[in-house]
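One structure is given below, encoded as structure tokens.
Should a chain be cited, it is by its letter among A, B, C, D and E, assigned in written order, with residues numbered from 1 in that chain.
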């Protein structure tokens, strides 16, 4: 079931038009990851994307961030064609994004330092963020001296401190325990509400997607994934992510989207099932 | 509440005796991660460990695997003091463990090849495992051509193909979507039942821990984490991980353990909460 | 059921491949024309300045006379036999020196990189030997290895070895601890660890050192020939220098450079082959 | 509330620290004694064989006479002034050559590593130049730079540059794409990208090349002194060689080696300082 | 020697004053020596140590240069004003269009011998026996190479009839002979003395003593000399005159003093720890040095003749030998 999202005002923050992305396989064949993706995210919109593993979520993110160019179609940011790196975005990567040669505080303050903030101010602000993500006392540690979850939190602080217009998040919370995750999710929502950034949020956890977002996009199973569903989440804000899961409307939405998603996941794992 | 596990028969598979682990902090101070850990895992036992992020779960695993030596106390494997690498174990790391210069099939077949299996046999077996984890068609890809979830599945196949006596798993399923995760979890249980390996399973998902394990260990919040609780899960086997969550006994156990865990997570995030 | 990894028709694949090929050849043409322009700029101005006597042709010769000299060597041969003989001699010495130097460098780098004790004990000697001027050692090599090929090879080895050693050493040290641990758990013994983990991982380092070390092997062979020989490009250059024939010196150098370029091309091929997994990424 | 990252009492920390210190010093003592044993084995057998005339002292000298020669130089000076003057001259040339070579190598490596076009156009020339024997080029250096220090420095630079260049080039290419992307997103301009990401990441590569390149800078300076000079360790060695004074040649070499060891020690300190984040890991 | 020294010093005081008033300060002179420590070039260092440059009011810097052929380049490039090296280079350079001029000749023969190992002694009776042999030379294109070519052709063979083997000088040569890699080779002092002392080889052709070279070459072979850019000589006659004065004084000193006395004036590094051997080699070499620095009649012609054997192209070029040397300055040296 495709629920078309209403037309957004002119020049949406993110606009993917007929985007196709291909890679060359080792064998020389062309492997199509995404096909004909049309997606608009408005300013201040919180948009989640879900889909089976390997369907192309991270690839979509890298197109929006400008790390890679689409094979066909185009990516527009605020009405302008994106060429090279997207200067309005910040990103929490699925893999590590802390710089191993910088301590926690240097990592977190980097965005500010690059914009010319004085070291003092940047460090003060960074300390605030380090505390927010629960790493107080680890300012002087290097990333490899932290646990997996702690590194993820460094990445979060590093990304959020710059208060970007576009926030790209790739499975940012999947390495955290439930409690920490809820804390971080609530923190994220608070920040988002304050800054009205457009958020493009990748997760494999549908509950998380619904709890946080204005919209949930479902991708079909790859290869050549495309958009299967586009759901508007009209739950009241501000939300408490830990509690909203018990909301009735939440359960309905969850069921509705899950039906969609499950089919794709099934397609994707037909082979694994058969084995 | 500490529920002591019954005395195990002599020479348990894994035996941590009064283990303490310290690191030198950048400032030169000594940072105690684990303190006085006493833990025995019997042959064929499935033991999960949960605790707040950064409490020391991965550190415990690296002690059992023999990557690091304890600062105090000792680690015994099958009654013998562990020196150097634990040759009975295989491990799925929290970070990547696929070799970037090997294709999927070379990665998966590596364990067999190292034991002297012929290339043909190893590849045949590897193909079976690749199919099992749902990566058929990607045999010739290099790890960086795979998505995060797909790489995790390569790691799983690489580790399981050798059918080790001890299986160490660090958040092996957290990068996967629910469905794939359930498939993999069921697969793991099936293999485990066939081989009667001892499993040491790290997760931040308490439901997953209960659904899979014979025992769930709760660590206290760090620094100087120690064992807070040790719960026996007497749910019937074989289990279906997707369905067992709706079992009444499951819910009880969950509540019981969660009470324990929550306190620790709270302690751990006192600072983040206050911010 | 096999997961189908592409949904494209054969036709679409063909079109796309063609597009990619066209793009690749466009870049090639651009690069080639820029290379030619730079080449002309360098050698053209050399010829021009030399022709106008702005730079003294006695010291700097000129591209045209260098080419003439090479052509003469090729057609008429040199006083000590045809050109290719000299070329073959130098090339043989260089390749042998290169191979030995690389093998020794990799082995030593591997051993010292893996074993801290060895590194602590023998590291300083390697450092010390590296500081010795090879030109001064040349007579010693002649004493040890005689006047023939072995002394030139030894000289080449002493230059090649160190560069490869230091890179192999560091490459081995840089291997990801996690991957090492994983291979050990999977049952790798020492040899297998080297084969499956350490060498592949250090390969970028080692291959990078090959780029400079082949040039140094060549320098070693030539310097050896300089000091005592009857054949080889070094002999030709020394003879030309002895006769104050700058053109001959430069002609010899050009032949050396071409050899180096060819070797570098071969190393690049090796690189593409052995670290294919890196190249696919791009 | 600040997360307390240690629960140990001051006392416990002290005990533990002491333990660690003791362990560290035990390893040091073991290493030192092994180093001494190997040293004695090498130089003792040299002395022995030379003493018993099993190896010809005319060709190989002996450690004791080398030491005597050095002591004599130190106490009585050489015919061209006190020893330290020669040492200072060579050291100065070497350090200047090293610094210039490293700076040029890093800049060129960075530029060509970052820019494919530059790499395609100028890469071959660098390869070609690397294959030229520096000894042959010496006259050209004398023409360009004169007989004084600059020509020796130039010679040192031509050896240092290439090693640093190839490593810096590869180091830049090896930078993690993810980290580059992340820094770009965080707003890094070109200069900042170099400062915060590329240089720190390539530093292991660059520092590794310094280990061998200092030795080569020293070789360059010494070879330059060979070609024409009035001072320097190269002059001393050349003079000794001309007078068939093997002991003097070896004594000069020993001084060179010691210089190289000192420089290597300094590079290691730099390494510990600049890539502290790697060392903490161990 | 002591009395002599003080005498010459008081002498110089008298000379210096008028010089200082006549000309403004003389330019510094850089002289490159193809191995300061080599016996054939020892007048250079000896002049400095005897203080004769100072006596002439000259500031001279002697640069040593070990690898042979780079001195001319430095001279032509103007980096040095003079070279102490073999005279034959001036002829060679004229063919290349560069005018160099020898202003003082140190010796009238090359100061070398063709040495044959004791094992192979019997195979060599006459120069004709050089046919088909490996003959050690210092390096290709060096003077040793020319002269061996000449000797081979004098024996009635072509230069293609033997294999020149570059074996250097000193230890490498000794090792090569000891290891039997080469049976016959070109050697200079003190290698000659060493080879004899070690019982490895004996002299086959003598180009060291006056009589020997006269006999073999049928004349002199003008070899170690001070040569300069002709241009420079024209523009700085004063400097060149004083250099000639200094060097001739040294040559006179050498002809009137014993080897031990000369050795005492040289840096201890030159003896390589074996002063006796050094003195012995010096003794056997002393006779080759001139006492007046003059180019003998027929000297340049002989050199050209020998060069032409090796370099046929010199036959095609017209060489004006008179431009390659001048006795003008040494002739003017006060008796």
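A few remarks follow.
Simple rule for what comes next: contacts are C-beta pairs under 8 Å (C-beta built on N, C-alpha and C of every residue); 3 or more make two chains touch, one makes a residue touch a chain.
Computed from a predicted structure; not experimentally measured.
Separation of chain A from chain C in touch steps, taking the shortest path, is 1. Shared contact partners of chain B and chain E, listed by label: C, D.
For the copy pair chain A and chain B, the superposing rotation over Cα atoms measures out at 180 degrees to the nearest 5.
Distance from chain B peaks, on a Cα-centroid basis, for E.
Greatest centre-to-centre distance from chain A is found for E, with centres as Cα means.
Centre to centre, using the average C-alpha position, chain B and chain D are separated by 46 Å. Between chain C and chain E the centroid-to-centroid distance comes to 41 Å (mean Cα coordinates, whole Å).
For the pair chain C and chain D, the distance between mean C-alpha positions equals 21 Å. Multi-chain contact residues of chain A (touching two or more other chains): 25-26, 95-96, 134, 136, 142, 145, 271. Under the contact definition stated at the top, the residues of chain C that touch 2 or more other chains are 1-5, 59, 135, 139-140, 143, 177, 226, 241, 280-281. Counting partner chains per residue, chain E has residues 67, 73, 77, 170-171, 175 touching two or more of them.
Chains touching one another form the pairs A-B, A-C, A-D, B-C, B-D, C-D, C-E, D-E. Contact residues on chain A toward chain C in their complex (touch as defined above): 22, 24-26, 29-32, 35, 71, 223-224, 270-271, 274. Per the touch definition, chain D reaches chain B in the complex via residues 1-8, 12-13, 16-17, 20, 280. Against chain C, the residues of chain B that register as touching in their complex are 65, 67, 85-87, 89-91, 93, 95-97, 99-103, 110-111, 114-115, 134-138, 142, 144-145, 158, 162, 164. Remark: chain D residues 58-59, 78-80, 135, 138-139, 142-143, 146-147, 226-230, 235, 238-248 touch chain E in the complex. Remark: chain C residues 1-5, 177-179, 181-189, 192, 196-197, 200-201, 203, 275, 277, 280-281 touch chain B in the complex.
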